[in-house]
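Okay, got some structures for you below.
Below are two complexes that have chain A in common, paired first with chain B and then with chain C.
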Partner chain A sequence: MGRFLLRRAVNYLILVFLAATMTYFIAGTALEPIVNYLSKHPQPPMATIHNLLRAQNLDPNTPIVVRYWHWLTGVLQGNFGLTYNGDSVAAEMGRRIFVSTELLFLATIISAVSGVAFGAWNALRQYRPSDKASTVISYAILATPTVVIAVTLQTFDNWMGSPIQYIDLYDPSAHGAVAIVLSNLEHLILPTLTLWLIQVTLFSRFQRSTMLDVLQADYLRTARAKGLTYRQAVLRHGLRTAVIPVMPLLVYNIILLFTGATFTEIIFGWHGMGEWLVTSIQNNDVNATAAIGVFTAGLVLVAGLVSDLVYAALDPRVRA
Partner chain B sequence: MTTSVSSLVTTTDSVLDVRNLQVSFPSEAGLVKAVRGIDFSLRAGETLALVGESGSGKSVTATSILGLLPTSAQVTGSIRLDGRELIGLSDRDYSKIRGKDIGMVFQDPLSALTPVFSIGTQLIEALQVHQKLDDAKARARALELLDLVGIPDPKRRIDAFPHEFSGGMRQRAVIAMAIANDPKVIIADEPTTALDVTIQAQVLDVLKKAQEVTGAAILMITHDLGVVAGMADQVTVMYAGKPVEAGASDSVFYEPRMPYSIGLLSAVPRLDDGGRRALTPVEGNPPSMVDLPKGCPFAARCPIAVDVCRETEPELKVVDDSGLRSACHRSAEIGADLPREGMFPTPELPTWEGETDREGRPQVLAVDNLIKHFPLVKGQVFKRRIGTVKAVDGLSFDIREGETFALVGESGCGKTTTLLEILDLPTKQVGSVTVLGKETKSMSGKDRRGLRRDVQVVFQDPMASLDSRMPIGDILAEPLKTHGWDKDRIHARVPELLSLVGLLPEHAERYPSEFSGGQRQRIGIARALALEPKLIVLDEPVSALDVSIQAGVINLLDELKVKLGLSYLFVAHDLSVIRHIADRVAVMYLGRIVEQGDAETVFTSPMHPYTQALLSAVPLPDPRKERERQRILLTGDLPSPADVPSGCRFRTRCPKFLSLVESDAERCRTEDPASEAVAADHTSACHYSAALEVV
Partner chain C sequence: MTTTDASTLSQVEEPKVRRSRGRGALLVRRFARNRLALVGLGILVLLLVGAYVLPSFLPWSYTQNDWNALGVAPNASHPFGTNHPGVDMLALTMRGLQKSLVIGLVGGPLTTAVAALVGASAGYFGGWVDRILMWILELMLVVPSFLLLAIIAPRLSHGTWLIFVVVLAAFGWMITARVVRSMTQTLKDREYVLAARYMGVNPMVIIVRHILPNVASILIVDATIQVGAIVLSETGLSYFGFGIQPPDVSLGTLISDGEPDATTSPWMFFFPAGFLILMGLCTAFIGDGLRDAFDPTAAGAKARVKKAKGSSDQEPMVELASTSIVVEEGTAS
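After this line comes the complex of A and B, so read on.
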């Protein structure tokens, strides 16, 4: 098992390297940081602009391969360069990873647990009114863009007289640690709800269909023939087997949400990784974009390993 | 229940009483009346077999006793366990009985165990659901049970997962679970149908042992009359959801009074039944359970039906001194004015009119030292070879014109690989395959394509091997189109093919779903015949069919062979079927042929210990013979073809090897026995071949 994971990890590392390299080349050629200076008033002299850019390893006159080499040697030493306004990319990334983690932590746990439970419950009640209603609602939510869900929640909140605050991480007027934490939690409610709605529908659909397969299985009948009640048999033998195929989907979705929750972050004013990806592209920020590329590729690596581990832990057939 | 009082009085010593049990399921077509009233009683230590074909309601009966029918099922009547009514119990109350008083063994051991829990976990769960046992005690008891059902080295195997067990081992584990809490009744639903004969014999032995240990009554559901003959004290034959004959095993087997039982018994191919001859099919198909015709449901297929049979359904009533009960208006006449022998007509088969001397007939297929090894690899990116699966390991045989050559052996012995290799018309294999005098290795692409016309195949599963979206006419025309026949010729050929296999030309318009299993297999045969081939490869062509239907298909194959001058390569695991159809037979073990020769000779005086064991494991549909027979029980499972034993590959399971003195046994360990002629057209690959009559 250890050797298997190690081999997997080496494969993934090669993939991360390739993905990062490609991101840098695309960002380095498609983005034009020079525009940021040309649009300044008053416009600095060209020589100054090029000097400034060269200092940040962004000068278009330097061949892309050379810039790449500088960047790569920097990255290997933990230095991701500077953002377009001169901050450290690594520091900014650290801060934003923290914000994203806070935003996603609760949402993903709640989504995963409730998605599995809800899907299994629907499977047990297949074709009953509750299942039919869930199906319709799930597809409606799946077909709704995140923007619409988020804005609808905000509008609804406003219409109710704004019982829940949602702008930014916490109320700037709050004083004292406890008040700030509480206000922070209150601000989490609506974005968490948004993320939960999107994910729970997806997970529960998958869980429902794998559960339906299992409900027909012979071993469930064996479990009942042993003397387990229907409920015990379904929970101990059915659900335990039916979550296995859902796990990779769950793990990949949750982990890749780090850079994928763009709309939720922007609409609710959480300055996380997803928002950063969009703003850095808008700002022609080559170093930040490349860093996000490395980070996302790293996430894929982690997701792959975690999903392998979870799968092996749950299914003895893939061990050995 | 108005009758319950009196029936309880007469059957006080019985553990399970079923009275007027009726089960129906709502469906889109209407109410499916799966069981239409069945009564039986089971005494402790007794075995009752419910026999019938698919759709007769036997499995539904078993499932309803366990209370495991889907919630949509409507169950009426009475099921009493030790006098306690089970129908209407809540799931909670029922679950206290399931696994404790009633143990269950299911058909397919491969899917009956939860794949993610170890055997031990599942067995311990069965114990702890009903008994207050701590983990250590439960584990000790689980080890005891595994030992009882014959799992070798239970201490090591208890923590294995189901996928690490063979089918036979899993079925043993399931039996261990069924008897974990000393049940009063064990229900076994086709417990050996999915297993090889040698493993079947082992599992039936375990089941008998389990019955001795627990003193339980066994309710055995099966379609295999051989298994019934060896196991059952009482037999109930079911047809269209109702028992049509019930009584002591001997009465049902030797003096049946209901034409369906008689037809079923005469349609079964028997291993002990002098050589090749036509089988006796029961024509027609069972009626639809949604819309049963008036009168006796068997009337449409019954050769002795009279007017009253089409008007009123006969009651099951006692017909002789032995207490046999039959449901037939003419049961009094059967055995007296109406002889059982010949009640169902046996068709005359045409006889082969060509050259009778084998050497004088042209060779259709010659296989010489065919070898197919698969590499066993490990690793994701860098694949390493860690072994070789020797699926086919040096196979030589030939098939002459007008001959049926059968390959038999347990699953995993390489039968299917051999077929696929031959159908592939291989170019790069070790050894040679020669079809109609042409060696496949040296053939051009065009010749190869031409040769495909001459070699056709019929598959095992008639449901899966026909495209359900194509009408029959198109299915039959497809091979013709592929080989460039013009429209008019195809148009003429399709009805011709249909009538050749006993279907009607107008069937060409219909879709596969409108046909029964037997008819679909006929369509499969017609498709194989379309291009007028010389050799047809038949991969278990009748194993998915019911006995009464199977007989008709076997007869058809025999008839076509003579009429069209075909040769068959026939692969099957059912030795009784092979006994009836094969001219020559080869017994395979771990990729090799261990015995080969004229079918009559091999079946009557088998020389190789494996053939002897295989034949001895086949149950006969004859209770008296079954009681007298001494089985040669093989121990263990087929070894992995990736790890073939040294010397003789059969020695690890060979009963003869065990009886040899050390100096002789050494030869088996070190020297791989070559095929040697033991008689004219009879070879055996054993150092110590000796004939033994086993049937």
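After this line comes the complex of A and C, so read on.
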């Protein structure tokens, strides 16, 4: 098991390295940070622009390979360079990871638990009206872009007379720590609801189909035969087995959401990693884009390892 | 149920020439049994016809501005209202629907084709080819695809949507390819494949003629699901301005344009959004019906047996057919 994990880890590390390299080369050649200076009024002299860009390792006159090497040696020492407006990329990333974590923490926990529970419940009530209705609704939600879900929630809120505030992290007129925390929690409601709707649909569909397979299994009948009640048998022998195949999906989705909650973050004004992914490209910010590339690839690596570990923890057959 | 079983049996006993037609008829009948799938197909055809035929009957084209009606709510002359520059929303939505439908209907099958080719080659050749292809596949899964799409797509396509679709397909084939590969591995030692190989048939010909037809069912279902996936990623990219570029219009760009006014002028946002959801629902239902048609052991088929025994419920069951949504969803929340 240990050697297996180690080999996976090494393989993932090489993949992450290549993915980050690819991102840097594509971002470095396609994005044009020089535009940020050319659009300034008054426009600085060209020599100054190139000097400024060279100082940030962004000068298009320097060969991309040289820039890449400079960037790579910096990254290996923990230095991700500067953003387009001169801040440290690493500091900005730290701040944004914090914001994303706050946004995602509740949403992911609630969706994982309720998704598994809801899927299992639907499987137990297969072909009943509740199951049929939730099937059609899940199709509708899966066919809906996140933008539409988020904006629909906002519109509903406005029609109801705005009982829930949702713009930015908290109400700027709130005074005192308690008021700010409460306002912050209120502002979490709609984005959490958006993320929850999408995630819970996905998780519950998968949980439902794995649970349906398990409910037919012989060992569940054996468990009943040895005297367990239906409830005990389903919970202890059914659900536990049915959760295992859903675990990788859960882990991957939750971890990749760190840069994947782009739409939710932008629409609700949360300045997290997902928003940065889009704004860094719009601002021609090569260093930030490359850093996000490293971070996302790293997330895939972590997700892969965590899902292997969870799988091993839940499934005794893998541990052996 | 018994009547269908009997008719299938009688078809099997018919002469050879009729039998191949019998399979097609059987598939059609199984598909038609799933009522939601039929409805989905009907609506999709309606959408397709409407998107291409309706605009020529409308008094306003999507390039005209009605200067007397800037941003008005739905009324008799503008059933979907107009946007701020006074363009008729119905004409715009139909124009956007055209583009989104074409993108989905070209991009979905294209994604599946790439997946089929890569997966079948990896599975059939094995060895180094397999290792290299699978390694590329894993790399593509690790690469931040939304980020790269956002950088590449607008610069590569320069307003031509066809290249945009190719780029979308290039980032969406991985999961299906893995499934096709494992299916190919079980197929490649079958007698007919071995016979073809020993006769010296070109390996690519074997793949196209003997391997792919045997995984056709999963490919067809996957192609329908990919239609929805491609349209969703198009919408996402267009929302940020990385997708379809003006003067082209898609449902994604319309949703993006209408978003700031969604609460005050809902018609600018919710009409395009509604058509997008309708389209996605239809493809999902069709994919579901196709899967039931090709795979009688799937949950949908079992459902009907159960129903015939007791329950009076006649509505057909649907089951999520998609495993490919998973990855998309990770980057598209």
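Some observations on this one:
Note that the second predicted complex is superposed on the first by the 317 of 320 C-alpha atoms of A that agree within 3 Å, B and C clash if a C-alpha of one lies under 4 Å from a C-alpha of the other, contacts with A are read in each partner's own complex, and residues count from 1 in each chain.
Rule of thumb we're sticking to: contacts are C-beta pairs under 8 Å (C-beta built on N, C-alpha and C of every residue); 3 or more make two chains touch, one makes a residue touch a chain.
Not measured: the values here are computed from a predicted model.
More residues of chain A lie in contact with C than with the other chain of the pair chain B and chain C.
Contact with chain C, but none with chain B, is seen for A:A27 once the two complexes are overlaid on the shared chain. With both structures placed on the common chain, the touch criterion links A:M160 to neither chain B nor chain C. When the shared chain is aligned, chain C comes close enough to touch A:V151, but chain B does not.
Once the two complexes are laid over each other on the shared chain, residue contacts for A:L76 go to neither chain B nor chain C. In the superposition on chain A, contact is made by A:T289 with chain C only, not with chain B. Look at A:A177: by the touch rule set out above, it reaches neither chain B nor chain C. Once the two complexes are laid over each other on the shared chain, residue contacts for A:A47 go to neither chain B nor chain C. Overlap of the chain B and chain C interfaces on chain A: residues 11. Contact residues of chain A toward chain B in the complex are 7-8, 11, 217-219, 221-230, 232, 236-237, 240-241, 244, 314-317. Against chain C, in their complex, chain A makes its touches with residues 11-12, 15-16, 18-19, 22-23, 26-27, 30-31, 127, 132, 135-136, 138-140, 142-148, 151-152, 154-155, 158-159, 194-195, 198-199, 202, 205-206, 208-209, 212, 249, 252-253, 256-257, 259-264, 267, 274, 277-278, 281-282, 289, 292-293, 296-297, 300-301.
By the touch criterion stated above, chain B contacts chain A in their complex at residues 66, 68, 91-92, 95-100, 103-104, 106, 108, 111-118, 122, 125-126, 129-130, 161, 163, 174, 177-178, 180-181, 379-381. Those residues of chain C that touch chain A in the shared complex are 36, 138-139, 141-144, 146-148, 150-152, 155, 228, 232, 235-236, 239-242, 252, 255-256, 259, 262-263, 266, 269-270, 273, 276-277, 279-281, 283-285, 299, 303, 306-307, 311, 313, 315, 317-320, 322, 325-326, 329-333.
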